[in-house]
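Comments concern the structure below.
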Amino acid sequence: MQVDKNWTPTIVAFCCNWCSYAGADLSGNNRLSYPANVKIIRIPCSCRLNPMFILRAFQRGADGVILCGCHPGDCHYTTGNYYARRRMTLLFSMLDYLGIEKERTRVEWVSAAEGAKFAATMNEFVEAVTALGENKRLEDFRCKQ
Amino acid sequence: MQAVIKKKAIELLESGTVNRVLGWKAGEFFYDLTPAVFTTPEQIEKDFVYSVFSGANMSKYLIDESKKEGKVAAFIKPCDGYSFVQLQKEHRIVRENIYAVGLACDGMCDMREIREAGIKGVTSVEEDGETLKIGTIYGEKTMAKKDALLERCVHCKSKKVVDCDEMIGENGEENRDCGRFDEVEKLEAMSPDERFAFWRSQLSRCIRCNACREVCPACSCVKCVFDNPNSGIAQKAAASDFEENNFHIIRAFHVAGRCTDCGECSRVCPEHIPLHLLNRKFIKDMNELYGFYQAGADFESKPPVMNYTTGDAEPSIVYARGGDK
Amino acid sequence: MQRIGVFVCWCGSNIAATVDVEAVADALSKEPGVVFATNYQYMCSKSGQDMIREKIKELGLTGVVICSCSPRMHEATFRKTCESAGLNPYMVEIANIREQVSWVHKDKAVGTEKAIILGRAAIAKVQLNTPLIAGQTPVTKRALVIGGGIAGIQTALDIADAGFPVDIVEKNPTIGGKMAQLDKTFPTLDCAACILTPKMVDAGQNENIRILSYSEIEDVKGYIGNFDVKIRRKARYVDEEKCTGCGTCMEKCPMKKVPNEFNMGLDNRTAIYIPFAQAVPKVATIDANYCLKLNTGKCGICSKVCLADAVDYEQKDEILEEKYGAIVVATGFNPISLEKFDEFAYSQSPDVVSSLEFERLMNAAGPTGGTLLRPSDKTHPHTIVFVQCVGSRCDASAEKGKEYCSKICCMYTAKHAMLTREKYPDTEVYVFYIDVRTPGKGFDEFYRRAVEQYNVHYIKGMVGKVVPEGGKLKVQASDLLDNRQIHIDADMVVLAAAIEPDKSARPLATKLTASMDTNDFFTEAHPKLRPVESPTAGIFLSGTCQGPKDIPETVAQAGAAASKVISLLVKDNLVGNPCVAKPDELMCNGCSSCEKVCPYGAITYEDKPFRGPNRTTLIRRVAVVNPAVCQGCGACTVACPSGAMDLLGFSNRQIMAEVDAICK
Amino acid sequence: MKTEDMIKEITRISGGNPAKCMKCGKCSGACPAYDEMDYHPHQFVNMVLDGRIEELAGSKGIWNCLSCFACLERCPRSVEPARIIEAVRVVTLRKAGANHLKPDDIPARLDDDIPQQAITSAMRKYAK
């Protein structure tokens, strides 16, 4: 595949308000850098993430989508991330089944204390998605400029 | 069988147990049987049909029928039975208003299979034990019934009617070893590129007629998200590859854990897209990851997507499972 | 279309050094709906806030976007600012351009570009924001405590002390619970009755406490601040108001062969009975299973001898309906049934007893008057073997026992061993242990005393089998440290049975929609930070219903639960979080998917009439969310197949608008 | 075989997991053949876990285990020492390559009093 050297992926990161968004704040506080292509959307809990949002992101041109939530057992709402875990497992498996690169989607549990993990995860994820190149299989040509 | 069922239907009407009967009658052709409501014994005598083409799942029609005045009789085949129970669990049908007659079923046939066997100009199909006697304009032909079965009947998962008021014929058993996941496994073993190519070749034929949605007992929303302009994803016709994928992914996800694998989506698809393979993928994953689950097999259990255990597999298991590059 | 004002903060140089704030404000001013955009040194300063207020009024802004630090930092500040200028506080969105941009990206061009995109996402969201008003619900200033053991009593006393009325519902005829059955308490060895009964009397006499003994919870409806509870007052066939507790009926009752549950069935009581002398309320109860009058119609002696005329054979169960603002669960524990552990010969020999039975055998008010005698032949035992961890710490796949450590057995076994050696120095006492767990104040010292001062034989190992033979109990066990198998001819064997939540807890949890773990212990809202609250708002946990605990821990937790209840009851109104789930009735299938995933039981269903075709009316079951209970996690929104359920403040369309803005 | 592989093999054959052991000693407390053994049931488990399998396999004690399953029945952790010791015996025999009996030879040696379990156990030991 031809890779445009200047091309950088667009990454949408859904972060739960209580753990991962705070973890992202902490990586800011500690000045731990990660690529600017990562854009965070705040949701109350990982269980708020509707598969529709992920597909929508890919449609609109995202190249990778990552969900970050509290570690299982630590959910602010006690059970939210357990549901998110099942839903995402099934969705990702389905995307893989449809032949869509499974490396484009990811779930990571990041606590409010894991600023370093947040930055490291984002660096790693951006690298992985960059290696895959542009999202072609779930894009909507009408949404391309 | 047809005679017994008709007799039962008339008996239920005449005894006043019910005031109408949900059954099948011939559509445009003798093999495209459509669900119909009968209110008099005369109608039943005249139009009621039960044949190897009575595949249509009756349970969805009960959502509306069970809310009308008086009791309705319904004939429930094993696969309809799972949807029947699932819909009761979802409070969609009023059980008290239904007299359910369970039917023992040994498989329904698919006209496509008969045609594909090279039999043309079919005018009638009669079941005769293991064989089908097929009348054509070129004379009578025969074919083994097992070769003409619907896909879902080839891999029949259960012959058990979960819930009914009485049975016609012997109630059967579940068969977990029915091989219904073989096709899914084949796909899983392909490379992602092959899988992508396969699904593009299938889903790109989708004309968004919504037949799969309309027939699906799990897709019984009062208003579908795809019809709701406020949902943000409403669409009438798929305008791009993405929308073709999107519709079927979301649909499969919305019925995950509630889909009983009745196979109606694939049966009615005019483009012959094997849609059941999407639902079965979810079912297979759920069975493997969270323990065997059959939607509609009981009245209490929670679907796996609405349940959890603290030790569930992480989503990263997807990277390790299934076919790889 | 909203009229949106955008305020870009420099945060001194924190943002401005790596983000071109002017360029951000300029770019965002061109977004649809934006009528004003500016940048300022410190938006959170007084003058910054004044500027926001001024612009809201001057330009009639209907939405505000602030590009600044994390919303976790100043969202509340800016919401208040806007509210004071007459704008609904939920019309404010924050674009986090400090923690997510200036602090993590060094390159100014890159940072500026990302800041603009985050600003656009916030603007896109504000476009779809709607004014939200936090609901207020009044609080019923009365608490219900379920269970009248030490946990329930302490919680009730503490709540009553703060001036709020409390009802204690106890299923037995008296409060007191397990602690009333204990002889001495570790590690201080004070007499349990001496410290418990004054509390029971306090509870009985406190004008804010009403004790509903011999009663059970029938049904619970409602939510935090407003529970409607139905309480079944079981017929005790004695008028509580009239009975003086004199006990004459008990003396005269001819049915004297009823197993006495207070003494663990080790002796008998009469059919009309007061469980023990210090019972509160001290009122007789007729055991309908054994009463001759109630079963055969012949007898009626108790009624004849009762001077207070309190006996009423016609009494029926009554249902009491009450309103409460808070409910405390204090349903306690029971030792497990030892039937499945017959290697210890529990069902074969009366001399093999559980620890709670042993407790009664040592108790001055017990069946033997405090003299330790073997149940079989009433002789003094000379060799006693204690077995720890019976049914505790078992593997999940084992067919019997519990996975958890019951926590209290090590200490009470040490207590039993010590007390036996103290009273009967001629008795040999063996304790078989796997580990001795003594993490508690003064606990290890206590255990060491048993070993060092009282010469209790602690043996690391386990009893493999007990065989009754010739009046003795042949105990075969391993001594792991000596690596030998030992055989002891014992007179008694005492089994430290695991404890489990009371059987009434599981159905109660269902009524309360409070969650439980697989062992039927109630789960807490947060295992570390909210240990006495259930995830269901307004339900609090006290004592062993939440997990194994000793008395000091139970009392501490009881007090903590009480303080949580008090801080709820002092409020006149509860202000909710307006970002709650909201179902669209027109689209709702009533399928119960949302209810299944709601951790708070906030969703109920209602049959509502809707207009059908041809002027007909259709009744449809639809979901109703109680905003006072919903915490706004959003689990239901994804479970809902029709998309009828949405989350205010984080609606599907808002989040998708953000996605679109970011991916553009 | 390497020690780790032996541990794995024994764990696999036994179907148990020695790591679940909490060292309570109930197995040894229950064992009727305790005094006949140089190593005792609780030690079997620990020795397998520690990889001291050669030592265990070389001991006479393992052949004195009656397979009465008292330890298995009473083990609170589902470690089931009887299965582990059986696995050690099986591994030892297989390693020795000494299939003393052919399956065909077994019937001739049967008498009516042999428990069913012993026959099955003999098949597992001796049949390839």
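Here are a few things to note about the model shown:
Should a chain be cited, it is by its letter among A, B, C and D, assigned in written order, with residues numbered from 1 in that chain.
The rule is short, and it goes like this: contacts are C-beta pairs under 8 Å (C-beta built on N, C-alpha and C of every residue); 3 or more make two chains touch, one makes a residue touch a chain.
Here the structure is a predicted model, which is why all the values come from computation and not from measurement.
If each chain is reduced to the average of its C-alpha atoms, the one that sits nearest the average of all protein C-alpha atoms is C. Looking at C-D and A-B, the interface holding more C-beta pairs in contact is that of A-B. Greatest Cα centroid separation from chain B: this falls to D. Look at where the CA atoms of chain B average out and do the same for chain C: the two points lie 45 Å apart. Chain B and chain D have centres, each the mean of its CA atoms, that are 52 Å apart. The distance from the centre of chain A to the centre of chain B, each centre being the mean of the chain's C-alpha atoms, comes to 36 Å.
Touching of two or more other chains is recorded for no residue of chain D.
Chain contacts: chain A has residues 51-52, 56, 73, 79, 83, 87 touching two or more partner chains. Shared contact sites, meaning residues of chain C that touch two or more other chains, fall at 597, 639, 652, 656. By the contact rule set out at the top, the touching chain pairs are A-B, A-C, B-C, C-D. On chain C, the positions that touch chain D within their shared complex are 343, 389, 391, 393-395, 397-398, 401, 432, 434, 460-465, 476-480, 483, 485. Residues 70-73, 96, 98-101, 103-107, 110-111, 113-114, 117-118, 121, 515, 523, 525-527, 535, 579, 597, 599, 631-635, 637-639, 647, 650, 652, 655-656, 658-660, 662-664 of chain C are the ones that touch chain A when the two sit in their complex.
Residue ranges on chain A touching chain B, taken from their complex, read 51-52, 55-56, 58-59, 72-73, 79, 82-83, 85-103, 106-107, 137-142.
On the side of chain B, the complex with chain C involves touching residues 67, 89-92, 218, 220-225, 228, 230-232, 254-255, 258, 302-303, 305-307.
Those residues of chain D that touch chain C in the complex are listed here as 20, 22-31, 34-35, 40, 42-43, 70-71, 73-79.
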